Structures are given as C-alpha cells and as structure tokens.
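To start, the structure itself, in structure tokens.
Labels A, B, C and D are assigned to the chains in the order they are written; within every chain, residues are numbered from 1.
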Amino acid sequence: MNPNWSLIVPVLLTIGIYTLLVKETKIYRFIEHLFVGTTMGYTLVVAIRTINTTGVAQVAAGNYFYLLAFVLGILIFARFFGTTYSWLNRYPVSVLVGSAIGVTFRGLPEQTFISQLRATFLPLIGAADPMTSFNNIVIFVSFFFSLLYFSYTITNRPGRLGKIPNIGRYFLMLYFGALYGNVIIQRAAMFIPRIQFLILDFLRL
Amino acid sequence: MSVILRKTIPSIVIGVLAVWMIVEYFTTVKFFTDIGTIFRNFAVIIAAFAVALGGLSSLRFHTQTIIKRKAGSWEFSAVLVAAIVVMTVTGLMGWLDNPIFSYLWNQVTVPSQQTIYSLLMFYVAAAAYRAMRASNLQAAIFMFTAIVIMLMNGPFTQALIPGITDLGNWILTVPQTGASRAYLIACNIGIVALFIRVILGRETGIIGASKEG
Amino acid sequence: MPSLFLLEVKNYMALVPGKLFQLGTMIMFFIVILVSLWRSKTNLPKVKIMPPLEAFKEAVGRAAELNRPVIFTPGWGGGNTQSIDADLLAGSVLLTEVVNQTARAGSDLHVLVGNPNTIPILEGAVKTGYIMAGHLDEYSPDIVQFSTPELYSYSAWVAGEMRRLNCGANFMLGQHWMESLIFAEAGLEIGAFQVASSAMASQVPYFLATCDYVFIGPEIYAASAVVSQDKTQLGSLLGQDVLTIIILVLSIVGVVLATAGVTWLTNLMKV
Amino acid sequence: MAEEKKNWMNSINARQVIFAAVFIVTIVPILFPLNLPLVISKTTIQYYDTVQKLKSGNTVIFVWNQGTAQFGEMGPPGIAQLQQLMDIPGVKVVVISTGAESPGLFESNLWPAIDPKGKEYGKDWVNLGYIPGGETAIAALATDTWSLVKVDWKGTPISQLPVMEGFKSGADIALIVGNQPSSGEEWQRQFQNKFKTPIVWACVSAGYTTALMFVNSGQLSGILNSLRGGAELELLIKKPGRGVSAMDAMSNLHLLVLATIVASNIIYFKNRGGKKK
C-alpha cells in the first residue's frame, strides 16, 4: 500500500460528505458551503470570461451596436436593488424568453410532432414478418392509450369514454418502470467512481 | 403608465421576437435572417451576464446572513463567501493556469460535487426496500419492468440469464417507445399552449409579473 | 432602406421547401388555442376528476385525525440560480388548495422552501388559501420557512423536519429534481400520506414508487387550472385537448393508410 | 406506542444495513476484479458504426455539456467518444459547451485523458468553450457561426484558426456527437430540422429511455447508455478505462437493488398474508 498523499484533501472531503448518511453534522455543512462557494466562484469567473468571448469580442470586431446588449445585460441585475427597480430586469429577460420561445417553437412541429407521428405510422398487418406486425400493434396501442390518458376535458366527461382513458396508465407505468430500472445505472455510475477514486487513485491498491 | 412600462412592453418584446424567429424559419428572405441573427447575438450576450446571476445572488444572500449574524448559520455563510471571493479572484488571474484556482477546482469542487450526487445511490437502494411493492396491477407492471431492465443492465445477470437481453430490449423498443412518445407529445402540447399564451401576453408570470403588474 | 426591403421581398419571398406541412401545423396550433381561449371566455370547460387533487382532502383529513402536521415543499428547482418557472407557478396555485384544506381541518402547516426567490410567491399563495377558507386570522408569516439555498443542506433539513415533526401528510408539488427521492423516502419512513408532482420525467418513477398519489408530468398544469378556475388556463387546457384529439385521429388515419400501403400522408408530411 | 417505536428501530436497522451493503458490494469488485464479459448493446454498435463512417476532412461538433456532478458517470463515455473522433484521421473536431461548468471540466479532466494522435489545436480541433443562451445560441450557431463566435475559449480570433474555415454554418457539419444529460432535442431542432445533420448522443441513463424513441424515429443515429454505454464504447475502440473497470461493481449494485426489492416484497406479502388470517 502506497497512498497518494497529495490527494488527501479530496479524500477527506469525500469521507466528510458520506457522514451525511449517518447524521447531518457540522463537518458536512462546512464542506457543503465550501464547495458550493467554490462552484459559485467558478461560475462568476466563467461569466466574466464568457462576457469577454461573446460580448467584448463582438464590439472589438467593430459591431458597436452590441453595446446596447451590455446595457440590457447589466439590467438583469436590477432585481438586487429592491422592488422599485426590479421590474427593469424584465427587459433583458423578455429578450431571452422571446428569442428562446421563438427558436424552440419553430422547431417543435417537425422535431416532436411530425417526426414522432411519422414513426408511429406503421403497417399493423402485412409487415415483413408476424413479429414485426405484432410489435407495430403494441407500439401503436401503447402510444394511443397513453396519449388518451393526457386528455383532461373533452373525452373525460361522464358517459363519453368511461374508464378507457385509464388504460393508458398501465402503459405509462411500464414506461416509468423502465425509467426506474434504467436510472439505477446512473446512480451506480455516480457512486462507483468515488470508490474507484478512494481505492485506485488514493490507496493505489 | 407604469403597468405599460413594467408589463405591456416586455410582453410585446417577447411576442415580437418569438414571431420574428418563427417567420424567419419559414421564409428565405435575407432581411429576416439578418435581423434574427442580431437578435440572437443580443440574447447570447445577455445570457452571458445572466450566468453571473446565481453567484451574485448567492453572494448577496450569504453576506446578509453574515451581517445579521444569524445564529448557527453565519459561520457557514462566511466560509461560502470566502470561497466565492478566493475562487473569483484567482480565476481571473489565469484561469486553470493559476495554481490556487486549479487546486480548488480539481481537488475541492469536482470531487465534492461528484460525491454529493453519489449519495443518491444510497437513497435509491433504501427507497427500493421500502417502496417497490406489487400491491396492485399497476405497481406490479411498474416493478416487473424495472426488474427486467435492471437484470438486463447488470452485466453479470445479463450474461447469466438467457433471453433477458431480448426481453429487455423488446420492452424498451416496443411498448416503452409508444408510451414515452405519448408522454413526450403530451408534454409538448402543454409547452405549445404555454408558448402561445406567452406570445399573446396572457402568461406574464414567466417574467415575474403578477396580474397587477 | 424600405425600397430595398421591398425589392428583397419581391426577389426572395418564398417558403423554404420542405417546411410547408410544418407551417400548416404551426398555424393549426395557433388557431386551435386561440379559438379555445375565445370560447372559454363564455363557456368554461369541465375538467376530469383528478384523483391526486381529490386526495388533498383525504390527506389533510387523515393528518388532522392523527393530530400530525402537514408539510408542503415546492422543491429546490435550482436553488437561487433559477428564475421562477411554470412548475413552481402551478405548485403555488395548488398550495392555495392545500392551505384551504388545512385551514378548514385545523392542522398545522409548514411550507419548507429552498429557493429564496420563490418566498414572496409562496407567501402570497398561503395568504390566498387562508382567505379562501375564511380563516385569515390564522395566517402567520412563520408558515413559510426557509433555511438554506444549498441543495443537500435543504434536502437534509426537509427530511429532518419531516421526521422531527412526524408529519401526517406530505405534499411535494413544484419543481422537484434530485431531492425528490430524499423527501419521499423520509416521508415513507414515517408513514405520511404523500402527494407529489414533478415535471421531470426522470423523477416521476421515484414518486410513483413512494407516494400515494402522483400528478404525472403535465397533469399538474391541469390541476392548477382547476384550482385557480382561471379562464386563460382552462381555455388553453381545452385547446390542448383538441390538439391531442387531432393527433390521435391523425395517428389512426396514418396507421390505417400504412396498413393499406398508401403513402400519401407520409409524403404529405415531408412537403 | 411501544410497538410503533420498535418498528421504527427495525426500519433504521434495515436502512443502515442497506447503506453498508452499498459500500461493500462496490468495494469488493474494485479490489478483486472479475472482469466479466460485457454484452455490447445494439445502440452502442449503431453509435460506433455511425462515427466510423466519417471521412477525412469532415467537420464534427463535439457537444461536451456535463456538470461536475455528472462527471463520474459521463466522463468515461466522453473520453471514449472524443478518443474515437481523434482516432479517425483527418476528421476536424469543434468542441462546444452550453453548460457553464463544462469548459473547466473539459480542460482539467477530459482533455488530459485524450491521446490527440497528432491532431493540432487550431488546425484539426478547436475548443469554442462555453456559449451561453441555450437553444437560442444553438440556433445562432446553425444560422451564422462566424457572426456569433468571434474568438475561441482562449481568446484567439477564429480567423486565425484554420479549422473554423470548415464551420461557417450548420450546413458544413457532417455529424454532431453529443454528451449531455438530456437527449439533445435542441440540436435536433436547430441543426437536424434544417440540414438533416446526423446526430449521435451519449445521455445519462435517465435520458436513455426517452432517447430510444428518437432512435426509433431516426432522429438519433446511435446512443450510449451512460457509463455502461461508455464501457462498451471503450471496448469497441480497444481502450478499456474506468468505464470497463466499473462494470463488476455495476453488476453488484444492480443485484443489491434487486435483492432489496425481493426482500421488501417477501416481507410485504408475509405481513399481508398474516393480516388476512
């Protein structure tokens, strides 16, 4: 065993955080405030660098009207100055929200609705082999009833479709079950590297 | 007047920008693209300023805690503020080439953030013990699917149980695809309705405005 | 400049090929939502019974019977870095209903907040709830509590409070991310009646596994429309339903045509 | 009351047992690796084949968009993804992040693990760093890259970087390789809608099930399933790393969760049976 002592700080931090599993201690709170602080500080540095690479570089390239964007950008901090001025930040926010909504919305019809619908238009009978036909039927049925579940007003009045929309819940449960089963990979994948770090990088076993 | 300045004009800005972007997408008129490009570059620069918002509002909140000497938490706030200040100052002096910034980033921030999220492994195992019960048909379907996917994802069980890969892949690519597609479309219908309400100026909560302005 | 613009329009005014069907879809979205909004001005649509919403009364009633308090969490949702979003707005509308029920049942209520920016909205919602119940005298600003904006400190604090107060009902409505599991596991351990929502698909399974009632994804917006009885919200809900039905009908037509080997609809979608 | 307290004690014990078991089942296989064989998924093979089809001179966007929290999970796949791109001769790589924490991670943790195979900065690859603005920024990149991006992450004007000659707008891009928590829908909307750009993606496992429908509809040409997909890709590019060595522990943790579910159900049905009597 030949521990790599230069890694002692992250090792202590790692072990300190795992004390939360037993009890919330002062050590844990210290560590959390420490690394949240360093993360926030990092973000501030990135913000300044990014203002340089996007904004200042634009102005340096001769597009002086982008100075107006600097004014709007500074207005985003208006909410720190009390309720009297906080509404000023709605102007930069409205530019952000407006353009984001525009570019997202214009892509949605093709990316979500048309492409996904086209992929659902599958031949139910007469496909290449019976198994494909069966699969196509299952895809269509699960799609149809799951979507029907998410209707709130028209189809759900008494006497219209009765309990049929609730069939969708069974397919949705299958979807969420698959999601749950798959997410275990993520949880394990977040945990294993920490143990690898302790054993392989620090203890060098 | 104040309502116009505080609420109406920002709503109009949102509507105009959004419609502009949409129109630009559907035409080949160069004029629309040129102006649209300028709008987008504007948004990117403003977004760069907005990146600082989190750090600054955290700084503000914790400085206030320190000033008020809020019992039991101001000491921790002091740690946080000190960390922000040190990190920002050293970061501006050379980014990752600065040894202090580089050390705080590589040896403090990255390992701690990873460790904190790795705690979820413990909670997911504990919750599985308490929660996953086949108490009715829906819960049974939920549990059965989860178990099949887990058996397929663990390399050991995948190699051990014949046919589990086929069954798992069938579930993922056939019934799951249909249901998740429906879920996606349902969510996006909601988003479309939200977008149209915002464009029409009927949903001002999104920029933080109440009914009164 | 204007003449130049007109010249450009004359020369280049053309729809990008391959986007005609997309344009039609977009126009259809606008027409459907606009008509529904217009229609709901006079004629509010009836919304289906949502079990989680109905369960509010049961949850609060059970907590009151056992003399245990009620906890509401709006979720961390990015702490103080994020601005207010649609999930939180929906959650705060549902908070008014929770407050309404608890005020009527006379239970203790604790609203545990992790994002300082959202405190004003949630305080407003609590006040509105007490007004709805006619118990404004019981309102106190201590109901909305805030400890720290850091995610895991917040989660540990909420889980600790749940165990310490031994809450009888646990409402988790709003922007729940990673903390969903930690809250729900704590609530499950003490046997609280849990109602939850998250718009993030990856968090829904945990809530489904651990809670008694869950708003699945977009259901929370519908529920908030029901509680608020706001004409715009209900109207847009009607519009969403019309869109859903259009898509369902299209999918049937498409599948029938594909089975018959006719491809004109698929080709039309590529126009 | 006394019985209630006893139950509570019991559950605390179970909780601690589970927590301890999580540690043990992870530590043991890392100390004593079994190196069980790994079945390579279909989606990973699709991913690998799509990337291998790249030709010399093609420009590829590598979307590196993970936060620090996800690095343990998505770092190994990211390293394998970028290494595969570096292995193909003549392919030019543009690295872009749309998350604030990503550029620091790229420089400090991801890039040092890569063997550039003689690729030169500026000529064969470039790091544009963090571009804020989310989907708006991606739309701006797709329409007119040079009007948005003036300098790279280090501040060098892009006119001095020959690789950027091959990226004037989205039309120049041959493939988008992504590594991001979500399934890259914004890149589908802004790049694929307009230019039919093929996209391959590595997503966290929470996004994998959702991404599968995009594979089914052809919008994604291949996906990697979190660390597991990363391990499979490491095997395919013949550079086994941290991903492969994590797979034994991965098996064990899955078995542990399965065991807790089974135990929970046995207790549940036993109690229910008891009540019925």
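Observations on the structure shown:
Note that a contact is a pair of C-beta atoms (placed from the backbone, for glycine too) under 8 Å apart; a residue touches a chain by one contact, two chains touch by 3 or more.
All figures in this text were calculated on a predicted structure; none of them were measured in a lab.
If you take subunit A and subunit B together, the chains in touch with both are C, D. Looking at contacts between chains, the pair that accounts for the most C-beta pairs is A-B. Centroid analysis (C-alpha atoms only) places C farthest from subunit D. With each centre defined as the average position of its C-alpha atoms, the distance from subunit C to subunit D rounds to 29 Å. In whole angstrom, the spacing between the mean C-alpha positions of subunit B and subunit D is 16. Looking at subunit D, residues 11, 15, 19, 22, 68-72, 100, 104, 131-134, 136, 139, 148, 206, 209-210, 213, 216, 225, 228, 250, 253-254, 257 sit in touch with two or more other chains. Multi-chain contact residues, meaning those touching two or more other chains, occur in subunit C at positions 19, 22, 26, 29, 83, 152, 189, 201-202, 205-206, 208-209, 217-218, 237, 240, 244, 247. Contacts with at least two other chains are made by residues 20-21, 29, 32-33, 36, 39, 42-43, 46-47, 49-50, 54, 58, 93, 96, 99-100, 103-108, 110, 112-113, 116, 118-120, 140, 143-144, 147, 150, 172-173, 175-180, 182-185, 187-188, 190-191, 193-194 of subunit A. If you draw each protein chain as a dot and join the dots that touch, every dot ends up joined to every other dot. Touching subunit C in their complex are the following residues of subunit A: 20, 24, 28-29, 32-33, 36, 93, 105-106, 109-110, 113-114, 117-118, 120-126, 140, 143-144, 147-148, 150-157, 165, 172-173, 176-177, 179-180, 183.
Contacts from subunit D toward subunit C in the complex involve residues 11, 15, 206-207, 210.
Residues 5-7, 9-11, 13-22, 24-26, 38-60, 76-77, 79-88, 91-92, 95, 101, 104-105, 107-109, 111-122, 124, 137-139, 141-150, 153, 170-172, 174-186, 188-189, 191-192, 195, 198-199, 206-209 of subunit B are the ones that touch subunit A when the two sit in their complex. Residues of subunit D touching subunit B in their complex: 11, 14-15, 18-19, 21-22, 36-39, 42, 67-72, 100, 104-105, 107-109, 131-134, 136-137, 139-140, 143-144, 147-148, 209-210, 212-213, 216, 225, 228, 247-248, 250-258, 260-261, 263-265, 268. For subunit A in complex with subunit B, the residues that touch the partner chain are 7, 9-10, 13-14, 17-18, 20-21, 29-51, 54-55, 58, 65-66, 68-70, 72-74, 76-77, 80, 86-87, 89-108, 112-113, 116, 119-120, 135, 138-147, 149-150, 168-178, 180-185, 187-188, 190-191, 193-194, 197.
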